[in-house]
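In the two complexes below, chain A is the common chain; its partner is chain B in one and chain C in the other.
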Partner chain A sequence: MTELSVPARRRGGLKRIFERFPFLPALIILLVLFALNGIYQPRSVGFVGITGLAKTYLALMLLAVAQTYVVYAGDIDLSAGAIVSLVNVVIVVLMGQWGGDALPVLGAILAGLAVGLACGVLNGIVVAALRLQAIVATFATSIFFTGLALYVLPVAGAPAPALFWRTYGGRLLEIPFVFYVVAVLAVILYLLARTRLATQLLAVGDDAQAAYQSGLPVTAIRIKGYAMCGLFAALAAFCITGDTASGDPLVGGEMTLLSVAAVVLGGSALSGGFGTVVGSVFGALIIGLINSLVYFVGTPSEWQNLVQGLAILVALMAGIMVGRRARR
Partner chain B sequence: MNAALAFVKQPLVVALALIVVLLLLGEALSPGFASSQQILRLLIVAALLGIVAAGQNLVILGGREGIDLSVGGVVSLSAIIAGNLMNGTDAGIPLAILACVATGALFGLANGVGVTLLRIPPLVMTLGMLGVLQGLLVVVRQGIPSGRAAPGLSQFVSQPFLFGLPGIIWLWILIGLFMAFLLRRTVFGHRIYAIGSNEQAAWMAGVPVRRMRISLFVLSGVFAAIAGICLLGYSGSSFANVGEQYMLPSIIAVVFGGTPLAGGKGGYTGTMAGAVLLIILQSILTTVNIDESGRQMVFGATLLVLMLFYGRGQAMRA
Partner chain C sequence: MPRLKLSGVTKAYGATLALRRGDLAVEAGEVHVLIGSNGSGKSTLCKIAAGSVKPDSGEVLVDGKPVVVSGPRGARAAGIGIFYQELSLAARRSVAENICLSDLPLKGGAFVDRDALEDRAARYIGLFSEVSGADFEADAPVDTLRADQRQLVEIMKTLGSEAPILIFDEPTSALDRAQVERFFEILRDLKAEGRAMVFISHRMDEIFAIGDRVTVMRDGETVGTRNISDTSPDEIVGMMVGARETLAAPTTTQPLQAASGDVALSVRGLTGPGFTNIGFDVAAGEIVGFGGLHGQGQSSVLRAIFGAAPRTEGTVSLKGTAVTAATPREAIRRGFAYVSGDRGRDGVISGRPIFENVMPIHYLRDRLIFARPSALRGKAEKALQALHTRFAGLSHSLNSLSGGNQQKVVIARWLIDRPEVLLLDDPTKGIDLSAKADLFALIRTLAEEGMGIVLYSSEDAELLANADRILVFNGGRVTRELKGEERTRFNLYHAAYEAAE
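What follows is the complex of A and B.
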């Protein structure tokens, strides 16, 4: 009897571990990629290398987190990248007009958060309250947001004040600023994961009808999910601005689909109801590490995009298949 | 009265009515907009989008969150391959068509296998494939010189062929008839609706669900490849990501045509109207004298308003 029950319990245990930590496959892929990066370019896993990685991919990490809150509820936001662009040009133009001192910069950041929030709420109203299909509706809003961004700043290139990017790329007490951002982000994400909203979003994504029947305000919850997405997209825009030190009305466009890929790589289900924000952060890092690894192994430059694309496709497929097997 | 209301609320009727309204609006804003010459030009551009949307339509009809984000990549790749194989001579056209269709079918097959056998959600699978295609485009563009369209192909796309209509319009009409026949008169077509509305039931009724779904993705790749060839004829030479502009608009054309993203109902006739509607809307915005930012804002907002006319989701009921 005991002999028979051991494998059964072990399988159950693995399943339980996976359900509690859906990002485990992503973490394993991430560690393997990290090791490979270290083998091919030892310096890349050193202090400077990791700082650079964080600096470059913090924006994508944040946008992946943004996308996750929408995906939790079974929705999707194809305008996330356009929100990044819009917030990027808004804060750069505002800082240009108000001057580059601490107070105006802080004011611009607040304005940027407000813009991101407004975009997110608009998306939420369109998708949840007006009940349009999320994929096409957020594509339409992405065109609208891109138009707004072009109105605010028609051509790329307006510089961000030195205070902004020097802080982002600099050090505080000998520790790179981005690490503080990562630490604060970790705390925020930890706290947010324990809020009622996260649970409610997951409940809506799991079964909207059941959630509604048990008394949850489904529409309001989905709007809040989009609002969270807008807020985190604004945070992503701050990081992009810190990294590129300039305004570009199209800077975020390419990031939308990458953020969706990062969410999937992180083990969240696009159908909703299952996932973690931590996984999405790992997913964004996986994309970053794949990109650098392809470079480090000496792929000829014209082949790099193809190898990156193939590697991401394989990682997406592997992640989904491993996740499904572990959950069964 | 109810019958009349039901008729008016049909997506095809809505789309056609909106097309007429937009044409009148365009004529009012800039006289000559609705001249036959202009309308013909609009139809050529709409045909390009409409051919891509045919494949997209099939994949969406098949249900289970069917969607093909890789069509734009296939269009671009096909345009480049065709340009290089014909390189300005008519003799290369047959080979170019063959190679492009094979390429499209191959990528469609890969998508279909990933979606069915490996059970990757279509959005994820085709998104990943789009990344691969974009990488492949970089390789292909650097390895070979940018090709030119054969004169015969350019003529086919822009010069009158029969009854004053260019060949591409006839091709589009042919595709429309083919799709209508396929969806309404063949077992294959009926099975698409079956797997789109209830996959489990269809499977139990003996429909080869996996093979069906794979064929839908293959067809989507093939239609995108054909559109790529036509696009080359339209623009004369292939250049960077020309196909990207078709990815999401092809989905919107399908939705405007009355096929919900959930699949299982709808058809291609509406999608054709949806494609024309989308192109006319874009065209009006380019004739009106506003700058790019205003154009995009109006375009996005109009799309949202138009979507309100089409099947909105069900409200929650206890």
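What follows is the complex of A and C.
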């Protein structure tokens, strides 16, 4: 027998493109902001300007990526910024004690990754295994991690060894080091998007009960999501250490909610089950470009926060409207 | 030795005893039908076998050996795959990913093997390629699919487990005839392979078409098992209802009610996504049926009248006054009521008390600002009792009720303030026979009291037994109107299948 149902509603080309690349609205906004930056400050879109942008906002990009993996599963991590702070002070103190040569720096980096991973796993256990509300539980652990950071380094200002920040801010074969980081990051994100874990996280965020009934180890998957978040938060901490060249127990605090905003700007659903890490990277860059644009157009300093906030709101609305129009 | 055996299984949810004593034995190479009214414990029994519900006591035996099914993963390891009535799909993932979700093929230890995944999915998609619809594609996100297509994905996912024991908990409720027939062909092939299968359905014709044996459940207990060849629909219904009075088989056609002549609802030239130029009148006291195959625009029309779906053209008038309800809120205030068969999406407020689930329409119609629970309690109870709803207390969570009783709660909310027009969108989906009888008796009473009623049902027998007139939908248009003596199964099928000829 032939098919009798209603004529199929064809999924249009544009709609299909947006389904496949949900970060497109973010990319469009990003390009518009880039053009505006270029109009108000032509030098900002030159080689030096872009290098500076990457140097300053690489940390936020990485933290947005970190946040994305938990948001995939419908969770949230309000301690991401605190993990950045903790890793930042831990590696600065360790490098201070072990000396600033290549080997100790490498050791400190490994220790930093371990700290980030441990924080992430702790969050995962508290949220997924003990079943506390993610938003409250990670807020609590954020206070705990900040407390640890203050214990490790009570006062901001301990310097990072020259080798560390010179490498981060320097060049390798005439190409700025941060561009290598961006390239490696792109490859890692490309690979991670193809892992089983990414699909499983999205399935859990889509409908945790359905995922459980499908035989997925939901608790373990959520813990792994938080572990990924901790690891990427540690990477963000390395970038911020390279950028500021010092330890500060409160450096990551305000980055937490910026990372959440970046995830949403990038087109991911906070309720979970849908999104891309690339979108989150674009979201972080949008926030960066808004900040610099506000500066370039000469906003008086007392108005800068207000204008930044408004601009982020407008970007959020534009992203949602473009996405909605396209999916119709 | 039975392939799968459940013996003396019990389960209580708080105060509600969902399963008093469940027994079931399924042999290899048979389709074992499980039947019983809603709330009789069928789904609970199946979920226990599938590991997603932990039994309080009793044994699960696979090949005679007792197994502890620790969660859905454990069940899969024991060789049990299940089709969930409420589906277990990730809405934003693609069809192919959903089919393979339980066991994603890997390469390099951590990466999803896309080629293997697509190959595996294509195998199961291919099984239904004739009946799944032109827009059914492996890479389409599940939430862009129609209800019947989503149900097919869940079937494919269950088949994809390749488990020797397969449980299907109402797999055909949203499928059209061609899809059901294809599904049955596949079941027969699996039977020949020696798989043991459990099949739950409320449709008697399906049970006799595919079943080898039938086990009947009533009030959380297994009543008995029969060979299909030795039993009759009457005997099965008798076992289901037990000592309660036998239900009138819904096959007799009632005489056309003397409608009062006042037009309650008048629709002209209604056009929108999925339907074109729909026009009909409903007299006060009349039940107008919408028939035809699944997804021919019946639901969309009802939702458009209720302001819950878009419409581009046309007028709707209520008792002679033009009403253009843009939102359900406005439609409710005007006197429309709408009951959907998809209660999970459109009906219940999940996780909240029964009381809160009965009251929202009353709050809206009465424009209450402060609610006095003590005064409202009586109204809620009266409405629930009119439908013979079984519940332990108004403050219990809605989720403690069976599907059929949940639907009764949803219908009860419209009974406190009487609407002018009642729109029923396949209201009996997944409801047992006795609840159906309660429901249709009530609908007839409401019509006799002067309400205009539109009934869309995917079960032809329901339409023939209850509608005074039947509008047959085909491809988004009304292609035939059946009145009086014309209301026969033959005419209904003929009009519904016309496009296929």
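The definition used in the following text is that the second predicted complex is superposed on the first by the 312 of 328 C-alpha atoms of A that agree within 3 Å, B and C clash if a C-alpha of one lies under 4 Å from a C-alpha of the other, contacts with A are read in each partner's own complex, and residues count from 1 in each chain.
Throughout what follows, contacts are C-beta pairs under 8 Å (C-beta built on N, C-alpha and C of every residue); 3 or more make two chains touch, one makes a residue touch a chain.
Remember, predicted model here, so these are calculated numbers, not experimental data.
Contacts of A:19 after superposition on the shared chain: chain C is touched, whereas chain B is not. Once chain A of one complex is fitted onto chain A of the other, the partner contacts of A:213 extend to both chain B and chain C.
When the two structures are aligned on the shared chain, A:308 is found in touch with chain B, with no touch to chain C.
Of the two partner chains placed around the shared chain by superposition, chain B is the only one that A:146 touches, whereas chain C remains out of contact. When the two complexes are overlaid on their common chain A, residue A:136 makes contact with chain B while staying clear of chain C.
Between chain B and chain C, B contacts the larger number of chain A residues. When the two structures are aligned on the shared chain, A:97 is found in touch with neither chain B nor chain C. Common to the chain B and chain C interfaces on chain A are residues 209, 212-213.
Residues of chain A that touch chain B in their complex: 76, 78, 126, 130-133, 135-137, 139-151, 154, 208-209, 212-213, 218-219, 257, 260-261, 264, 270-271, 302-310, 312-313, 316-317, 320-321, 324. Chain B makes touch with chain A in their complex at residues 65, 67, 69, 114, 118-121, 123-125, 127-136, 138-139, 142-143, 248, 251-252, 255, 260-261, 291-301, 303-304, 307-308, 312-316, 318. The touching residues of chain A, when paired with chain C in their complex, are 1-11, 19, 191, 194-197, 199-200, 202-203, 206-207, 209-217, 269, 273-274. On the side of chain C, the complex with chain A involves touching residues 50, 52, 71-73, 75-76, 82, 84, 87-93, 97, 101-104, 106, 110-112, 114, 130-135, 140-141, 144, 146, 148, 157, 176, 178, 181, 273-274, 293-297, 475-476, 497, 499-500.
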